[in-house]
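Consider the two complexes below, in which subunit A is the common component and subunit B and subunit C are the respective partners.
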Partner chain A sequence: MKFSVLVNEGPYQHEASDSAYHFTKAALEKGHEIFRVFFYHDGVNNGTRLATPPQDDRNITQRWSALAEQHNLDLVVCVAAAQRRGIIDADEMKRHGKDANNIAPGFRISGLGQLIEAGIQADRLITFGD
Partner chain B sequence: MTDETMLEEDGHSGGVVKKFLYVNRRAPYGSIYALESLEVVLIGAAFEQDVSLLFLDDGVFQLKKGQDTAMTDMKNFSPTYRALEMYDVEKLYADRESIEQRGLTEDDLIVPVEVLSRDEIKDLMAQQDVVLSF
Partner chain C sequence: MTMLHIVNKSPFEKTALDSCLRYAQQDSAVLLIEDGVYAALRGTSLSEKMRRALETVKVYALEPDLKTRGMDQSRLLDGVELVDYGGFVDLTVAHDIVQSWL
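The block that comes next holds the complex of A and B.
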């Protein structure tokens, strides 16, 4: 089956990002297709490479990046939600005159249309986080 | 919303039309869900899908007339619901129980909605291809 995944909660405070990751990984391992993982609301905070959790804890962002590299997974962070919350890539940094960017490898910033497209293209859109 | 619209390509769906239901369950202020839900609806309108909006639980407060946010420094985005018609988003539904429990009537709402029973909402949800709940 072809799935799209929507992540609406930030990492660590709630388990939604973990559940989304485990679902995505399990689906891929079972041979399903993940059309896209879309990060919205505080979910965009999954995409910062600057998070530094304790060594003995899972690193949620690095885990997404590794999964993306392994499976050529499309990880999309909503631009409007990201701008509000300070998740920024090199292009956005330049466009808004910021002095840094923090997007993690394997993530890209794009528009909400990518979420609608994910709903259209997939057999099922699965939401994590309320 | 302007930045977003500028970045967004024209909606393209490859001719596929699916039934999208946006379920709005939260009060307009106190969290960002209502505002960011509205942003999805507006962007999604370019994709020419079969869109419905349902207001449920505290979500019915999103449609309350006479919202005044001057004291809280929040953006009053309630006029946007009136503009949905221009985006061809015309199927607006609200849950009867939620309206009544909150001491509201249809006259308190900023846009006309079709008021549904829980049973009718069950059917509405069952008909959808994509349900996005905010």
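The block that comes next holds the complex of A and C.
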């Protein structure tokens, strides 16, 4: 079956980012396809490579990046939500004249249309959030 | 067509489970995850309501989230079924519509 996952809550906030990750991983292990993981609202904070949690804590962003690399996942961060929260890739950095970018490996920034498409293309859209 | 309702809020803090149970139709399923697992405990002010709900809907609780909170099956209401993340995935496959009550 084809799944899409929507993450509406930031990492380390409550538990949604963890639940979404474990669900995605379990679905892949069962042989299902993950069409896309879309990060919206505070969920975009999953996509910064600059987060540095303590070494004995899970690194939520690195965990997503590793899963994306392993399974060729499409991790999409909502552009409008990302701009508000300072999540920026190289293109956005240039466009807005910023001095740095912070998007994590495996993530890309795009628009809400990607969420609509994820909902249409997948058999199930599973929402995690607060 | 059957529906899976996912509740991730403690019923002692938020009204998500209340709303869910009000709309859940016969033979649909409710999956309790994160703080939602507190609804599955016996001996709480909510237990009677859950017992009534269990007569019409299936209730599942996510075992890892229950264990994270220091609890296990022995604390649960009769009729509540535990699932792991694989079981969570299976439930979303088995039900045509999946609704998260955020």
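We adopt the following convention: the second predicted complex is superposed on the first by the 129 of 130 C-alpha atoms of A that agree within 3 Å, B and C clash if a C-alpha of one lies under 4 Å from a C-alpha of the other, contacts with A are read in each partner's own complex, and residues count from 1 in each chain.
Assume a residue touches a chain if its C-beta (ideal position, glycine included) is under 8 Å from a C-beta of that chain, and two chains touch if they have at least 3 such contacts.
As the structure is a prediction and not an experimental result, all values here were calculated from the model.
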- Message: Quick check on the superposition: with subunit A as the shared anchor, is it clash or fit for subunit B versus subunit C?
- Response: fit
- Message: One more residue to check, A:Glu117. First (subunit B), second (subunit C), both or neither?
- Response: first
- Who does A:Val79 touch here: subunit B (first), subunit C (second), both, or neither? first
- Given the touch rule stated above, what does A:Lys25 touch, subunit B (first), subunit C (second), both, or neither? second
- Query: In the superposed arrangement, does A:Ala16 touch subunit B (first), subunit C (second), both or neither?
  - Reply: second
- For A:Ala90, decide between first (touching subunit B), second (touching subunit C), both and neither. neither
- Task: Applying the touch criterion given at the start, work out whether A:Leu50 contacts subunit B, subunit C, both or neither, answering first, second, both or neither.
- Result: neither
- Message: Is A:Tyr40 touching anything from subunit B or subunit C once the two structures are fitted on A? First, second, both or neither.
- Response: first
- Task: Pick one for A:Asp130: touches subunit B only (first), subunit C only (second), both, or neither.
- Result: both
- Query: On the overlay, how many Å separate the closest CA atoms of subunit B and subunit C?
  - Reply: 5
- Task: Jot down the residues of subunit A that show up as touching in both complexes, subunit B in one and subunit C in the other.
- Result: 8, 125, 127, 130
- subunit B-touching residues of subunit A, taken from the complex the two chains share: 6, 8, 40-41, 79-81, 83-84, 110-113, 115-117, 119-121, 125, 127, 130
- Query: For subunit A, which residues count as touching subunit C in their complex?
  - Reply: 1, 3, 8, 14-16, 19, 22-23, 25-27, 29-30, 32, 124-130
- Complex contact set, residues of subunit B against subunit A: 1, 3-4, 7-9, 11-14, 16, 18, 20, 32-33, 36, 39-40, 43-44, 46-47, 49, 129-130, 132-134
- Message: If we count contacts the way the header does, which residues on subunit C are in touch with subunit A in the complex?
- Response: 6, 8, 33-35, 64-65, 84-86, 88-90, 92-93, 98, 100, 102
